[in-house]
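Structure incoming, see below.
We call the chains A, B, C, D and E, going by the order they appear; numbering starts again at 1 in every chain.
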Amino acid sequence: MVPLNWYLMLSAVVFMIGVFGFLTRRNIIIMFMSIELLLNAVNISLVAFSHYLQDMRGQILAVFIITVAAAEAAIGLAIIIALFRNKDTVHADEMSEMKG
Amino acid sequence: MNNYLLIPFLPLAAFLINILFGRKYLKDNAHWVSILAVAGSWVVTVITLLDVLSGKVVNEDIYSWIVSGEFKVSVGFLIDQLTAVMLVVVTTCSALIHIYSVGYMQGDKGYYRFFAYLSLFTFCMLMLVMANNFLQLYFGWEGVGLCSYFLIGYYFDKKPASDAGKKAFIVNRFGDFGFGLGIIMIFLTFGTVYYEPVFSQAKVFAVQTINFLGYDVHLMTLIALLLFCGSIGKSAQMPLHVWLPDAMEGPTPVSALIHAATMVTAGVFLVARCSPIFSLSETALMIVALTGAITSLFAATIGLVQNDIKRIIAYSTISQLGYMFLAAGVGAYTAGMFHLYTHAFFKALLFLCAGSVMHAMSGELDLQKMGGLKKYMPITYWTMLFASLSIAGVPGFAGFFSKDEILWLAYSGQSPVGKFVWAIGTVVAFLTAFYSFRLIFLTFHGKFRGTYEQEHHLHESPKAMTIPLIILCIGAVASGWIGIPHLLGGGEHFTEFLTPVLGHPEAHGTHAEEWLVMAISIIAGFSGVGLAALFYLVKTDIPVMLAQKFNATYKVLWNKYYVDELYSFIIVRPTIWTAKNILIGVTDAKIIEAIVNGIPKGIGEFSRILRKVQTGLLQRYAAIMALGVLIIMAVMLLR
Amino acid sequence: MTNLTGFSMPDLGPVMPEIVMTCLALLILLADLVIKRKETIAFLSIVSVAAVTYLLVGSTGITFNGMFIADNYSLFFKLIFMLNVVLTVLISVKYIAIEKVNFGEYYSLILLSTLGMMLMASAGDLITLYLGLELMALSTYVLAGFLRHDIKSNEAAMKYFLLGAFASAFLLYGTSLIYGLTGTTDLKAISSYISVNGLSGNPVLTLSMTMFAVAFSFKIAAVPFHMWAPDVYEGSPTSITAFMSVGPKAAGFAVLGRVFMTAFGAARIEWTGILIPIAILTMAVGNIAAISQINIKRMLAYSSIAHAGYVLLGIIAGTSEGTASVLNYLFIYAFMNIGAFAVVIMLRSEGFKGDDISDYEGLAKTHPLAAALMLVFMFSLTGIPPTAGFMGKFYIFMSAISAGYTWLAVIAVIFSAISAYFYLRIVMYMYMKEPKAAVQLSVSPGIALALTITVIAVLVIGVLPSKVINVARIAARF
Amino acid sequence: MNLNGFPILSTLIFLPIAGAVLLLLISRSNENLIKWVSLIVSITVFIISIPLFTEFNKSTHLMQFTEKHAWVPSLNINYSLGIDGISILFVLLSTLITILCVLISWNSIKAKTKEFYISILIMESAMIGVFCSLDFMLFYLFWEAMLIPMYLLIGVWGGSNRIYAAVKFFLFTLVGSLLMLIGIIVLYYQAGRTFDILELMTKTYPYQLQIWLLWAFFAAFAVKVPMFPVHTWLPDAHTEAPTAGSVILAAVLIKMGAYGFIRFSLPLFPDASRAMTPVMLTLSVIAIIYGAVICLAQTDLKRLIAYSSVSHMGFVTLGIFALNSQGMEGGILQMINHGVVTGALFLSVGMIYDRTHTRQISDYGGVASAMPVYASLFMVFTLASIGLPATNGFIGEFLIILGGFKANQWAGVLAATGVIIGAGYMLWLYQRVFFMETNQKVAGLADINLREIITLLPMIILIFWIGIYPNAFLGFMHESVKHLLERVNSGSMHEVGVAKNILEIIK
Amino acid sequence: MLSELFFGYYASAIVIFSLLVVTRSNPVHSVMWMLLLFFHIAGLYLFLNAEFVAAIQIIVYAGAILVLFLFILLFLNLREELKVKRFIGAWPAGLFVTTALLVIVLSVVRSFVPGPAGKYSIEFIKQETHTKALGKLLYTDYLFPFEIASLVLLVAIIGAIVLAKRKTRSK
């Protein structure tokens, strides 16, 4: 029987890879994907919990997270398009109109 | 009681009328108001003198002035023998000088202002003299200081005059600083500032010592010396004498009234009034005597070489005041008061004569430019001669009696410094005679050394000026006669009159010694006159030769021992220097402002750094967030 | 577990305001197709908000077995949200016309975002909390990027979106840990589980509390999670900045209060340990960074960060008095902040951005009334007595000191003195400098009404604060 | 006892505000109407304040004309007003000063006159409020409310460097008063949730807490007084403020700091104040000498007078912390005197400034010959400022030096030197401005007109009235000061004593 | 023993694929690796007998969201994208922070004590079939979040249209 901790460690690793991607990649879309990674990591741990706690709540939350992720993707990409139309770049570090 | 009120409040009324309506309405006949007021108070003074003579002493309060906790003081009058003497002196001199000023100040544009200030001065002096508590004395004290500031600085558009006025006031303030502390010490020890209870309980505290600023000091000496600080300031004794010579910038009647007869004597009056306290402390009396003696010697020496007629008389005033303090110092308060009484007359006379000489010489004051005025101004000449004879101590004249009394009592009193002080007194007598007659000979005898139109313009002063001179001359001569000593068959009425207040001075010498002392003082007086005649009438080259030979001492004397420069070097310039560079430059600008402006500047700097952190880069924000999470987790888990 | 047939319809009474709000939002979305004049849509949305407010007062209770709690606490917050919506709509009517983004969706998105906030305020369960938060967040991202043609607005939306998603990921991770630990996501059940099993020292609990603290700090823009606020406030349209500076922040505090008070009530010492450094940092950075700002929107952003710091003091106090002071402060904060933004909006006219502080020079000469209004708001934000700002701050300091955090109150006082400097700078520019260019104000009935409401509220509450304080004290007992 | 129910103090506070609102309605153009309305309002306020003076019952230390209404019941904050011997004189001073300010700025304020008079009227209500309030919160509200109009007065109508001065004034006072706010709240909880000052005064607080709170209150009051280290805002504020502004600042605002010491620091923290008296005395003596010496080197007329008020206020704090009845009464009287004298000095400087538009002393000289009436009035104020007997200055200074000497001999002696330096710089100023040759810049000046004389007349009357018959004013204070000193000196002495030996037993 | 082996494969696959997603310079390759990642995660869910969630994972994530990403990538001109460097300048700092976070979280998670067992035992789910159980719950206990989720989707639609629509039709 695979102990619960392994799942948690797996989700933690995936989470941290997502964070690393978010912090270091210049391309916004990749940053966006890293966020999806984060959410998936959380889903893994949730489903694992619901399996070991024999309770459905985790999976329900996972479902809701997936729906919200879909909504986020829609809006995120809309913003990227609007940005791309004006500034023709998709790199985060070129977006520093406002500072100070 | 109410007629006594008239004495001070008549001049006050005159002052108010003159100051309020002077400029527009009274203009040139403002003098009537003041003269009537002074004359009125002179009349009432005579009445009070008669009452006091008949033994009626008054001590009454008018209204309660300050009440704060247990500190209660009110405006009140104490009329006793001492006050009566002072009242007579003040009102008579003031009245005569008022009349004299009518002539002297003819046509001056601030005419009404002058008379207003004169009346105010008389009011303050009378309040000072008639006070029955120390605070009202202080009120009068500062009031006369203020009037002397106004009157010295009367020609305010001239810098030296306004400087002199300011200097007089500030130097007086130094004295009043000590005086104020004295009054506070009195209140703290006796619980009240009224004369009567303080003097009666004085003996109770005779032996007590007190811790003053860390030192254990004999209580009575402390109070006496603090009060004495006030009198040094007011009566221009060492070291606070510097303002009197400069005060000559004011009009001459002012010098006559304030810097000869009345205000400067207030110091002596204070010592006399507080005799119960002073007599309880040996050291205080000794200090008073020594200060008086040294100041008189010091002033007399300077008087030898001065060429400005008013300055000479001013130094002679300082010297004579030294005499009075000398007398008080040896316990002979009555003698001091007697000399004050006679000195008021002949010194005022000297000043007024100098004034009429100046009037005639159209403002010229330098002795070197005068000479041979005898034939042009006979009345001024004779009155000034009598005054000089009196001051020189020639027997028969007022000065002789009062000075001799002091010297005798100094010699025979049992004060430890008596003999030493007597010796100095005799030397000063010789010097006084010398410079007084040097002045007479240089102005009235010999040939005229002034310019042609001055000579052409020479004339005797008008009646308004000469009548007061004559009256004063009578006073200068006759005033001594009421105090003729027993030795010469006199009744010593003056001392008897003042004994109830000031106590009777005991003399332990034999008649022979008394005769001896009198003889020595007469010899000193005549030799002074003779020497002056020799120097300035017969062989006029000797003084010039002496001046070159002892050039150094001559220069020191001529520059008044450089005391003025010394003060400005020690006190005035360093304070202003500290104010300019240290206080403004350093503390205010550097330390406090640095902190006060520094903190906002620091915050501003820090805020600029914060703005740099906000680079606008998305990843940097995310990195900082992640870092934040990391730190919080680390702190929370490790705690 | 009831079987399918025995399913009892949960009592919808308490949820009625939310349901009505949803329907009205959709109605307005449709109305936009029919009605051409946008002013009527604005008017419609205000009417709908009024209707919801009327409903709100009556509806209290717990439904959906604990997921939705409509108690006094959430009612007070919903009042703040309603106030926020009304004022934002009023000030944005003319503004979005000037900015040429005059679409109907603007109003429906605002209503939906407010709906999200209402759900957050009365979320009794972490799931509803997360979904409410996402609903509010998503609509606010869109609103932030509403000026499609302006690069700054796009950038603002992008930054807000990415960092928002990042923060909500942390929230989810925290939720999953708590779920794993306690087996439930219902706040009351969590708190009873923790107190029963005495988990207060448990590292997982601390970790999840930190995660929650991070997510909520992001929402209320507390340092070090505040970096997004200045750029987003500056970039997005000013009416939305006003909306964002009050709405989401208040919702963040509502959730912060509820989660930490009920769920983690037992582990109070731990989470105060987390919040105290955050509060101090927030006050420090908020006040100090604002001093050297040149753009007024950025300055107001930093000032709103600083105010978040002060409110955190109330939360740290942990007592019901503390929560009451938080409620009171947020209510007053809504008025003065939106008032200040309204004046900023008035300056925005055709071809004149009106964002720089130097545009305010000599305003007192050209437009004395506008300058006077700004003066009142600036002094209120500083916390000078006759204004409501002082009452808010004073009550916060009182609750902090009564909870024993006197030293914290002293630090807060020193920082609010520093804040006086940059608020004063605005007043100084307006009153003590000569006007450069002739500034032409764009005044509309909406803005005029909003300004009157806010200025009266600021002055009246400043002088007679007892009404608001009493209501806040009742609301604080949950 | 508020004379047949008429709430006199509230009217005094709210009438000026009503006046200000009335001014709001008047259109900006007819300035004359604005001026006359504000003058009438200030005069009516003064007239209403007179019954306070006549109806005052001098035999009791209890508060009179008291009013109490609930304000924020949930936090137990009440709108309670009342005055006693200590605060009555200040109320009268504020109402009188406001009239003079309106008169002095009749035609010297050209720009934005409406806002100017509104600020002055609001200032007046804040001032009266501070002196009458008996509830800490109400006191704090008025204390801070006065910041805004003063900031605007200095900032908008001030001189060349007004912005720096206004901001400096605002921040100095704000930082101080915010620390006081914390002190107030701590006190609120310490004394069982009450802001009522009278109730707070009956309680005793632990010694260590008293020290902390004393220093918190010291921060607020010392800045206002201003005491030595925190005084640098005063010269800037005074030189830059318009005449009316610097008159209000000098005459009333500065008094609030000292009033705060008397009303709050001493009675609330008796042991701490007694322990801190040496520190306070040293600070006051430094302020006296430092302020006086620095005046010697000033070149700007207003700056000199400002530093002279630092020195005078040093006297006041010396009097207060002498903790004996002479010192305290002298201190309070000196606060009134300083208000009258420095107020008058600033009024007269304002008059000459309107004519010559320069504040540099070197530009003046020989003004006496051109303006004799003005010169004589200025002389009276100079003498009062030096503390010449028969003027009000002397009474205050003498009592303070007496009280100071009783408390600590060194303090008394050093303070007395302040009097000498004071005479020095004032007479030197008077000489440079009025005497000596007439400077070309001030040659043909017109003497002061009737309006200006009327402005200065009340001051002259007050100077001589207090100088000659001070009991009219000292009479008010006796009971209140006695009560205050009983509280400070004995106060919780025995409790502390008891507490101490219990500690011994335990140790 | 079989389950550990099975889990080992899945876990390592997921970790490798996510690393590849994050590090590849060509965004299209990243999307491809992500697709594989989602499949493996779905597999893991099956292993944890959450069939319905796995199905949704495949349909929604792999099907909808990744396709959306591909559309966006079409906008990019890939050649210019390849030349530019992938990571921001300060990427070591990011790496350090992430590894530190990982270490902390792992240390906490290692000693994890799960909460009380709920009612939904695995046998019950098998007997009830996972989708029915999930569906019933969604429509009874979790009706409220379900409705909110629908609103979230609505907002997504409105937002996408408002922001991304080509021609502005404002008045």
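The criterion applied here is as follows: a residue touches a chain if its C-beta (ideal position, glycine included) is under 8 Å from a C-beta of that chain, and two chains touch if they have at least 3 such contacts.
Nothing here was measured: the structure is a model prediction, and the numbers come from that model.
Counted as hops between touching chains, the shortest connection from chain B to chain D is 1. Fewest steps needed to get from chain D to chain E, stepping only to touching chains, is 2. In this view the innermost chain, defined by its CA centroid being closest to the centroid of all protein CA atoms, is D.
Using the average of C-alpha coordinates as each chain's centre, B ends up farthest from chain C. C-beta contact counts were set side by side for C-E and A-E; A-E has more. Mean C-alpha positions place chain C and chain D at a centre distance of 43 Å.
Separating the CA-averaged centres of chain A and chain B is a span of 98 Å. Centroids of chain B and chain E (each the mean of its C-alpha atoms) stand 104 Å apart.
Here the CA centre of chain B is 79 Å from the CA centre of chain C.
Shown for chain A are the residues in touch with two or more other chains, namely 4, 8, 15, 18-19, 22-24, 26, 31-32, 49, 53, 55, 57, 60, 64, 68, 71-72, 75, 78-80, 82, 92-93, 95, 97-100.
Residues of chain B in contact with two or more other chains: 600, 611, 614, 616-620, 622-623, 626-627, 629, 633, 637.
Those residues of chain C in touch with two or more other chains are numbered 127, 131, 134, 138, 141-142, 145, 148-149, 157-159, 162, 166, 179-180, 183-184, 203, 206-207, 230-231, 293, 421. By the contact rule set out at the top, the touching chain pairs are A-B, A-C, A-E, B-C, B-D, B-E, C-D, C-E. Listing the residues of chain D that touch chain C in their complex gives 71-75, 112, 115, 137, 140-145, 147-148, 151-152, 155-156, 162-163, 166-167, 170-171, 174-175, 178-179, 181-182, 185-186, 188-189.
Of all the residues in chain E, the ones that touch chain B in their complex are 88, 90, 93-94, 97-98, 100-101, 104, 107-108. Here chain E touches chain C in the complex through residues 104-105, 107-109, 111-119, 136, 139-145, 148-149, 151-152, 154-156, 158-159, 161-163, 168, 170-171, going by the rule given at the top. The touching residues of chain C, when paired with chain D in their complex, are 364-365, 368, 375, 379, 384-386, 390, 394-395, 397-398, 401-402, 406, 409-410, 413-414, 416-417, 420-421, 424, 427-428, 431-432, 464-466, 469-470, 473. Remark: chain B residues 19, 23, 63-71, 135, 138-139, 142-143, 146, 149, 153, 156-159, 162-163, 165-166, 169-170, 173-174, 177, 180-181, 184, 187-188, 212-213, 575-576, 578-580, 583-584, 587-588, 592-593, 596, 600 touch chain D in the complex.
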